[in-house]
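Each of the two complexes below includes chain A, the first together with chain B, the second together with chain C.
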Partner chain A sequence: MNSEKKPLLAPGHTACAGCGQAIAARLVVDAAGPNTIIANSTGCLEVFTTKYPESAWEIPWIHSLFENSAAVASGIEAALRYLGKKETINVIAQGGDGGSADIGLQAISGMLERGQDILYVCYDNEAYMNTGVQRSGLTPFNSNTSTSPAGSVSYGNIRPKKPMPEIALAHGIPYVATATVAFVPDLQRKVKKALSIRGPKYIQVHVPCPLGWRHGPELTLEIAKAAVETGLYPIIEYENGSLIGVRKITPRPVEDYLKSQGRFRHLFKNPEEIKKIQDIANNNIQKYGLAAANQPSQ
Partner chain B sequence: MFGPLIAKPGSSRKNKTGSWRIESRPKFLKKDCIACRMCVVICPEGCISGKEKNTFDCDLAFCKGCGNCAYICPKKDIEMVSEEPEAATKNKKE
Partner chain C sequence: MREFLEGSLAVARIIKACKPGVISAYPITPQTHMVEELANFVANGELNSQFVNVESEHSAASVVLGSVAAGVRSYTATSSQGLFYMAEVIFNIAGMRLPLVLTCANRAISAPISIWNDHQDSISLRDSGWIQFYTENLQETVDFHLISYRLSEDKHIMLPVMVCMDGYTLTHGIETIDMPDEAKVDSFLPPYKPLYKLDVDNPLSFGPLADPDYYMETRYAIHQTHKDVLEIMPKLTSEFSRVFGRHYNGLIEEYHTKDAERVIVAMGSVCGTVKEVIDELRAKGKKVGLLKIIAYRPFPAEAIYEALKNIPKVAVLDRSLSLGSYAPVASEVKAAFFGKKKRPEVISSFVVGIGGRDITKDSIKEVLRLVNGREKSNEFIDLKPELLKEEYE
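And now, the complex of A and B:
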C-alpha cells in the first residue's frame, strides 16, 4: 500500500459519521490506484460523494442511473479497448446492494456474460439506506426495515439473503469474492488481485450502516467483524469457479452480532427466531468450511 | 440546456464536516503509537494523517467524531474526549 499517496476519495463528503461504505469505498479506490475510471449506481455512495456541485472523487467518476452502472462501465471499457488504452486503465462499476442485487442485476448479468474486463464492487449494507431503510434482496432474514417491519404478524424480513456471489459465479467469471471493512488488508488484496485478472470480476463488501442498522457510529468495525466471526457473513474467494480461500473463524454465537443493532432488537424477546439465525450461520459454516481446524463447528 | 454536470475532483473539501461533531472528538495521545496506520486506513473521512510514530493526528475540520479510530487503535493511544465548546465553534467559523 502506498501510504503517502493522496487518498482518492477526499474528505468533506456527506456520509453519516461512522459510515462503513465511506470506509470501504476509499479502501477500494486507493487499492485500485489513480488509473481508474468508476461508474457508480445511484445510492448512498453516489449521493454522499457528489453533493452538487462538488465531488469527493479524485479520479474520473460517472453516475447515470440506478440500474446501469455495469452498462455504463461496459461502454467505457469498450471505448478504452477501441482506443488501445485498456491495458493501463482499470474500470470499476460499483453500487449498493439494491443497485446491485435488485435494480441493476440485469445490467450486471449482461456485463458478466459479455466477458468484459470490469470489476464490479457491491457495497452491501443490506437495505436501501439512501431512501429510508427499505428492504432489498440482500437484507438478511428477520431484519426490521421500513418495508419489512417487525410487529405482531412478522419478525421483520421473511426472506433469506439473495446469494449474489453464487449468482455472479454462475456466469462462469474468473473471480468472485466477498470482503468486509473489518479486514482491510484482505479487502485491498482482493481488489488488487481482481484488477490483475482479465475479464469480469465481482466483489461484495459488507459495510455496516449506523443509520439503517441502528447502532452507534463507533461500532462500525466491531459489528462488521462480528458478522464474519459468527458465520453470518462468510468471507470467501473463488477463482475460475473453484473456492480457493475462506476466512477461518472460531464461531461466536450470533447474539454477539445481533445484540448491538436496533434492526434485530425485537428478536431478543423471541429466542426461537434467534435460533433460526443461528441455523443460517451454522449452514454457512458447514457449506464453506469456515470453522478453524481445531474448533468444532456449532 | 441540460448537459453532463462536471465537478472538480476533490472539491468536496470545501465542506467542513467537522461542524457535525456533537459529542466527542478523538484525542491522539501520541505516547504508545507504533505507526501501524490502522486509524488512517479506517477513518471514514480519510482525514487522519501522520508519518512517524506518535505523529498521527486528525483534521478536526472534517472529523465527524464517529470514534472508529479509537476502537481500532491496538495501543489504545487514541481516546474519545468530550467536545469542547470552543473547538466546535472554531470549526464552524473556518
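And now, the complex of A and C:
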C-alpha cells in the first residue's frame, strides 16, 4: 500500500465497520492511480461514498444507475478516444455482485464484446447488501439470506455461485482474474496488470460483509483468507484465455470458513449439508489445481 | 442547398453537421435508417465520431450519458419499446443535467405490437425532465435538431432534448429540404464547452445520493429551467432565422387562428393534413384554423391561452392516451384555461391515429363537424365498432 500518498478513496465515508468492499475499493483505486475515471453502479459503495454534499472520491467518478456502469464507462471510454486522451487515462467500471452478475450482466457482456479498453471490477459480497441481504446470482450454496432463508424445509440458497469469471472469459477478453481483500499485494498487482493491458478486463474481488454474513467486523480479513484456503474462493488469473496463475493452498476444512458466519450457522445441525459445501471446495481444488504440492485435497 | 431527401437521411445529415463525437444506438423500426446513415458517415471518414454499437437501448442511453459527462457532444435515436427500455436512463440524464439530443421516431407501444405511428412512446416520458419538440415536416425536423443542440448546451439550460418525429410519415417520407450549410451550422452551434465534466485534472463526483434535505430542490430547479426555455426559445429561433432565413416561433405555430371560429390543436405531422383541410374550407369561406404545439415540454400554456382565448370552439387532437383518464394534450390545453375569464365555449377532445390508423382529410372534417356540438371528451375518430363486439362464452 502506498501509505505515504493521499488515498484516492478518502476516509470519512459512511461504510460499516469491517466493510470488505470499502477496503477493496480503496486498494483498487490506489493501485489504478489518479489518472483514472470510475463509473460506479448503484449499491453500498456508491451510497457510503457519495452522500451529497460530500464525496470520498479524489478521482473523477460517476454513478448513474444500478445496471449500467459498464455502459456508462463505455461512453466515457469512447469520449476519451474521441478526445485523443484514452492512452493516458484509465477507465474503470465497478459494482457489487448483484449489479454485476444479475442486473448488470447484459451491459457487462456488451462492454466485453465491444473490446473497449475498460477494467470492470466486481466487488463480490455475495448478496444484495444495500437492500438488506437478499440473494444474488453470486450468493453461495446453502447461504441463509433474506430471500433464501433457511427454514424447516430449506437450507437456504439452493444454487451455487454463477461462474462469472468463466462467463467473462468466454468473451475472449485478454484478462480475467479473481482476487480477495485478504491478499492486498495480489489484488493491487492484478489491478495494475489489468490496466497495463489494452482491451476489456474483468476482476472479481471477494469482500466479506459483516452485516450480511453476520460476523464480527474484526474478522473480515480472516474470513476472506479462510474462503481462499478452504478452496471455496479460488484465486485465479487468466491471460489471453490461459490460466496463468492460481493461489496455491494447503486446504483447510470448509467448517473453518463457515463456522464464524451467521449465514451458515444453520448448517451445523446438518453435517450432510456441510459435506455438499466441502464437495464444492474439493471440485474447485481439483478444477484449478489449487492444492500445494504433496497436499491431498479434503 | 435544396435536396430531395428521406426524413431519416435528412436527420443523419443534420446530425453529421452538428459533429457529435460519440453516437450510440440500438436498432428499432422505424429509427434504423438515421443511425445506419450515421454509421456510413463514420465508416467512410465523413464524420469523425465514435460509433458505439450496443446490446440494448438501455446501454445506448447509458453510453451517451457517459460520453456527455466526459465532455463530448453525443447523439442517440430510438423509438417505441426502445424509448421505454431507455426510460430510467432518460430520467437519469435529465436529473444529471446532461445536454443531449435524442431523435424519437414516434411509434405505438405494445401490446399488441405495432410498428406504426402514434405518440404514446414519447408522451409517456413527458415527466422525465426532457424538453420535447414535435415536428410537422422534414424541414422543421432538420432545423429543430440543430436548434435543440444549441438549446440543450446553453449553460442556463443544460437539459436533454427529444426531437419527436412521426414514424414512417416523417422518418420514411421524402421531401425537398433546404439542408443547412455546414459553415452556417458551425457559426450557429459552436463546439460544446461543458460546464462540468469528468476530468482527471479537476476530479468531480457525478450522480451522488441526495437525501430528503437535498432531492426536492434538484427537481424544482429542472422545473424552473423549463420555464426559462419558454423565454429562451423565441430568442433562439429569431437567431436561427437570421442565420438560415426560416422563422419559427419555437413553441407554437398559429395557422389562420386570428378570425377563426373553430380551431384544431394538434402536434406533429398531422398538422400538414389539418392545414390542407383548412385551406380547402377557407376557400369556401369557413373560418377554421390550426394551433400547432411544437414544444410539448415545456408546455407553452400561456402562449396557448393567448392564441385560443377568443376562439369559440376548439378541438384538441391526441395521438396518445392516458388510459382511464383524459387524453394528455387535451387535458393540458383545458388546464391552460382553468380559472381564466376568457375561454372557448367548447374545448373538445378527439383521439386520432392510434397505432398508425390513417388520419385522412375526412377524419379532420369529421372533427370540425363534431366540434360544433356539445363538448366531447376522448372522442375516438375512425373507430371500427364492428371490431368491438365481445365474442366469448
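Basically, the second predicted complex is superposed on the first by the 295 of 298 C-alpha atoms of A that agree within 3 Å, B and C clash if a C-alpha of one lies under 4 Å from a C-alpha of the other, contacts with A are read in each partner's own complex, and residues count from 1 in each chain.
By definition in this document, a contact is a pair of C-beta atoms (placed from the backbone, for glycine too) under 8 Å apart; a residue touches a chain by one contact, two chains touch by 3 or more.
The model shown is predicted, which means the values in this text are computed figures rather than measured ones.
S.K.: According to the stated criteria, A:53 is in contact with first (chain B), second (chain C), both, or neither; which is it?
M.R.: both
S.K.: In the superposed arrangement, does A:89 touch chain B (first), chain C (second), both or neither?
M.R.: second
S.K.: For A:9 in the superposed arrangement: first (chain B), second (chain C), both or neither?
M.R.: In the superposition, A:9 contacts chain B only.
S.K.: Of the two partner chains, chain B (first) and chain C (second), which one does A:181 touch, if any: first, second, both, or neither?
M.R.: The answer is first: A:181 touches chain B but not chain C.
S.K.: Under the stated touch criterion, which partner chain does A:22 make contact with: chain B (first), chain C (second), both, or neither?
M.R.: first
S.K.: Quick check for you: in the superposed arrangement, does A:221 touch first (chain B), second (chain C), both or neither?
M.R.: first
S.K.: A:197 in the overlay: touching chain B, chain C, both, or neither? Say first, second, both or neither.
M.R.: Once the two structures are laid over each other on A, A:197 reaches no partner at all.
S.K.: Per the definitions at the top, what is the overlap between the chain A residues touching chain B and those touching chain C?
M.R.: On chain A, the residues that contact chain B in one structure and chain C in the other are 50-53, 55, 57-59.
S.K.: Can you list the chain A residues touching chain B in their complex?
M.R.: Residues 3-4, 7, 9-20, 22-23, 26-27, 49-59, 181, 184, 210, 216-222 of chain A touch chain B in their complex.
S.K.: Would you mind writing out the residues of chain A in touch with chain C in their complex?
M.R.: For this pair, the touching residues of chain A are 34-37, 39, 46-47, 50-53, 55, 57-65, 67-68, 70-83, 89, 106-107, 109-110, 113-114.
S.K.: Name, in rising order, each residue of chain B that touches chain A in their complex.
M.R.: Touching chain A: residues 5, 7-17, 20-21, 37-38, 40-47, 51, 59, 62, 64-68, 70-72, 80 of chain B.
S.K.: How about chain C: which of its residues touch chain A in the complex?
M.R.: 21-22, 24, 48-50, 52-56, 58-59, 62-72, 74, 88-89, 92, 96, 198-200, 202-211, 214
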